[in-house]
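Quick heads-up: structures coming right below.
What follows is subunit A paired twice: with subunit B in the first complex and subunit C in the second.
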Partner chain A sequence: MIYNEKFECMSLEELKNVQSERLKKTVSYVYQYCPFYQKKFASHGISPKDIKTIDDIVKLPFTVKDDLRDNYPFGVLSMPLAQIAEIHVSSGTTGNPTVVGYSKEDIELWSEVMARAFCCAGGLPGDMVQVAYGYGLFTGGLGAHYGALKAGMTVIPCSSGQTKRQLKIMQDFKPRILACTPSYSLFMADEAKEIGMDCKKSSWEIGVFGAEPWSDSMRKEIESIWNLSATDIYGLSEIIGPGVAQECTHKDGLHLFSDVFYPEVINPKTGKEAKEGETGMLVLTHLTKTGMPLLRYQTRDIIKITHEKCRCGRTSPRISKILGRTDDMIIVRGINVFPSQIEEVLLRIEGTEPHYQLVVERPHGGLDELEVQVELKESFFSDEVKQLQHLSDKIRDEIESVLGIGVKVRLVEPKTIARSEGKAKRVIDKRNI
Partner chain B sequence: MAKQINIFVDNRAGRIQKIAESMSLANINIRALAIQDRGEFGLVKLIVNKPDKAVLALQEKGFACGIKDVLAVVMEDKPGGLYQLLKTFPEEGVNILDAYGFAAETIKGSVFFIEVKDPAQMTAFLQGKGYKVLTDQEIYEL
Partner chain C sequence: MKITQISVFLENKKGRLFEATKALGDAGVDIKALTIAENEDFGVLRMVVDKPQDALAAFKKNGFVASLTDIVAVEVDDTPGGLARILAVFNKNDLNVEYMYAFVEKTADKAIVVFRFDDPDKAIVILTKNNVKIVGKKEIQTL
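Take a look at the complex of A and B:
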């Protein structure tokens, strides 16, 4: 079902007019209300008058993650804090996390795009949705929740974890849709087998899986284990959370809701537009957000885009799965992890060099595991094994409090982490994605 | 006082061999060796004839290591010998952090290496009880 046929199937010409009008409005809006953009416009010698159509977007300066960090916590808002309805937080590269403020209208927008996403995946009003994304500062749980409500579905707000209870709820309530990270769906399958459940008989017919990278082979595995249709959803908290783009039942790219989030694909080195079908960094502009609209926000996600109309009838452009990152961020159990965050912790702790490596693994049928290997200083001397254990525990505790997810810390001998050209490779991703 | 070298090692194949190799190349004689295992890592503890030189050789190979004073107590090589010695520790309220020992033919007895918090205090105490505590020179000459 197409939730909002007017906008999702609009002719490209009409869509362009809508985008142009909305962009002009948003640019004037942030120019009027957001000191951060007033300064940015001034330093780039640009004013709202220069933006007449959507094609003029290239005249606008980019916004990057560091802008959000530098203006922590509320410096990028375009409205007084008192009018902000909800705040979400995700990882920053170092120090301060990334804060996103949503106005009441933004929550409505989020509900709308997530309703579109559920319907795009094959959902219908009246369906029951089991939301097994985490509820909280992470956008996954509440985003799915709002969208399901908006689409007229019945929500079971399970959040993540308590797997046996999730399975019982599925068996007893018979929800048609499961929304969670793809790896959690496999984790649940292992638990299900342990208690002798026949996964093929599950009530779930549709999976809306996202918040972490996954492959087509993983899709096949999930589909065959649970006997459902596994679809991919894309989003990032800076833009809205989940609901930026979603696969339809043809699973031929993710439909990006471009009447509200305008996509550009740029060459990350030159900042120039990439050609159709070329890979590049996805850059997104809010066309209707009011709490914290961002212009030309660099997502650092590498994708391909196509503007061809899809067999489903939607005209929105489609993006590929995430093909890579322009930075070394990794996503572990739905949480963004930057090596720089780990480095900061290690520098604070005596006895360790900032020589470290992150090893991510996805055990079969399990959740991603993050191991932080830390080199001991050569001069470091510990009288006792107990003290080494203490050091290792301390590193683990501090990293966990910064990242908000469990990690394993492993102390290794000096100079055992491979250096390439004097610089260590920080991330070893052993997940087959 | 006896000097013990503590070496941090990952639990990987070939690490102790690597230590032995660097001792061999530096012409250092290992008198005793013990391993304290903690799963993914451990400490290798060495008693050698030239501790300072050994530490330099190990550091050159990239090992994290250090020197620590330990007690080298001579005891009778017969049943109950260790028990008699250890009985005295609670009297002094001293906790043993780690210990290992070997029988030495030349002194017709055993040498027991003991890690405690304050080795100097414990040396005086054990000597008061009539035990012989070896100096580092005496250990190398065993």
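Take a look at the complex of A and C:
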């Protein structure tokens, strides 16, 4: 079902007019209310009157993640804090996390795009949705929740974890839709087999899986285990959380809701527009947000885009799965992890060298595991294992409190982590994605 | 009366213990006693050797992390109850043992056991007072 046929199937010409009008409005709005953008506009010598159509968007300066960090916590808001309805937080590269403030209207927008996403995946009003994304500062849980409500669905707010209970709820309540990370769906399958459950008989017919990278082969595996249709959803908290783009039942690219989030694909080195079908960095502009609208936000996600109309009837552009990143961020169990966050922790702890490596693995049918290998500092070496164990536990606790996910820490001998010339290779991703 | 132990950090990976012992062999260092303490990911090889400074240099040269620690070597009757009699002294005097291990070689009917205490000096005073024979550096070297 197409949730908002007017906007999702609008002719390209009409869509362009809507985008132009909305961009003009947003640019004037941030120019009036956001000191951060007032300064940015001034330093680039542009003003709202330079923006007449959506094509003028290239005249606007980019916004980057560091802008959010430098203006932590509320410096990029376009409205007084008292009018902000909800705040979400995701990882920052170093120091401060990334903070996003949503106005009441933004929550409404989020509900709308997530309602579109559920329907795009094949959902219908009246369906029951089991939300097994984490609820909290992470946008996954609440975003799915709002969207399901908006679409007239019944929500089971399971959050992540307590897998046996999730399975019992599925068997007893018979939800049609499952929303969680793809790896959690495999993890649940393992638990299900352990308790002798026949996964093929599950009530789930549709999976809305996202918040971490996954491949088509993983899709096939999930679909065959659970006997459901597994669709991919894309989002990032800076833009809205989940609900930026979603696959339809044809699974031929993710429909990006471009009447509200305007996409550009640029060459990350030159900043110039990439040609249709060429890979590049996805850049997104809010066209209707009011709490914290961002202009030309560099997502650092590498994708391809197509503007061809889809067989489903939607006219929105479609993006590929994430093909890579322009930075060294990795996503582990739905959480963004920047190697720089680990480095910061290690510099605070006596007894370690800031030489480290992250190894990510996806055990078969399990959740991603992150191992942090840290070189032991010579002067800290002790003949007592318990001292070393204490050090390794301390590193683990500190990293876990910064990242918010469990990690394994392994102390290694000094000078054993490869020093590469120039930029050190911090991440070894052994996941088959 | 304290003797020097050398400890070396070993990652739990293939060939590492071999490489450590080879480094000592190449440097002409003789191992007198050894033990390994380990967890899942790493181990600490602790040894009493004839030339601890040479051993330390050899480890550093070969890229190992190593350190020296003061420990106390004690002569124990090699008869049933011999070790228990020594430990009774520790017990009575609240001497806390971090860890201990035994020498392979022995003198006549005596075994040698090394102990790591929090405070080795205090331990030596107590042991001497209780007529426990402490084995010195020289004796170790000639074993």
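Basically, the second predicted complex is superposed on the first by the 427 of 433 C-alpha atoms of A that agree within 3 Å, B and C clash if a C-alpha of one lies under 4 Å from a C-alpha of the other, contacts with A are read in each partner's own complex, and residues count from 1 in each chain.
Just so it is clear, contacts are C-beta pairs under 8 Å (C-beta built on N, C-alpha and C of every residue); 3 or more make two chains touch, one makes a residue touch a chain.
Just so we're clear, the structure is a prediction, and the values are computed from it rather than from any experiment.
Considering only the touch criterion stated at the top, classify A:Glu276 as touching first (subunit B), second (subunit C), both, or neither.
Neither: A:Glu276 stays clear of subunit B and subunit C.
Scan A:Glu308 for contacts with subunit B and subunit C and give back first, second, both or neither.
In the superposed model, A:Glu308 contacts neither subunit B nor subunit C.
In the superposed arrangement, which partner chain does A:Asp216 touch: subunit B (first), subunit C (second), both, or neither?
Neither partner.
Is A:Gln389 in contact with subunit B, with subunit C, with both, or with neither (first, second, both, neither)?
Both partners.
Name the contact category of A:Pro414: first (subunit B only), second (subunit C only), both, or neither.
both
Which residues form the common part of the subunit A surface touched by subunit B and by subunit C?
Dual-contact residues (subunit A): 376, 378, 381-385, 388-389, 410-416.
Which positions of subunit B touch subunit A when the two form their complex?
Residue list for subunit B touching subunit A: 6, 8-10, 15, 36, 38, 40-43, 59, 62-66, 68, 97-98, 115.
Hey, which residues of subunit A end up touching subunit B in the complex?
Subunit A residues touching subunit B: 376-385, 388-389, 410-416.
Which positions of subunit A touch subunit C when the two form their complex?
376, 378, 381-385, 388-389, 392, 410-416
Which residues, counting only subunit C, touch subunit A once they are in their complex?
These residues of subunit C touch subunit A: 5, 7, 9-11, 37-39, 41-44, 46, 63-67, 69, 98-99, 116.
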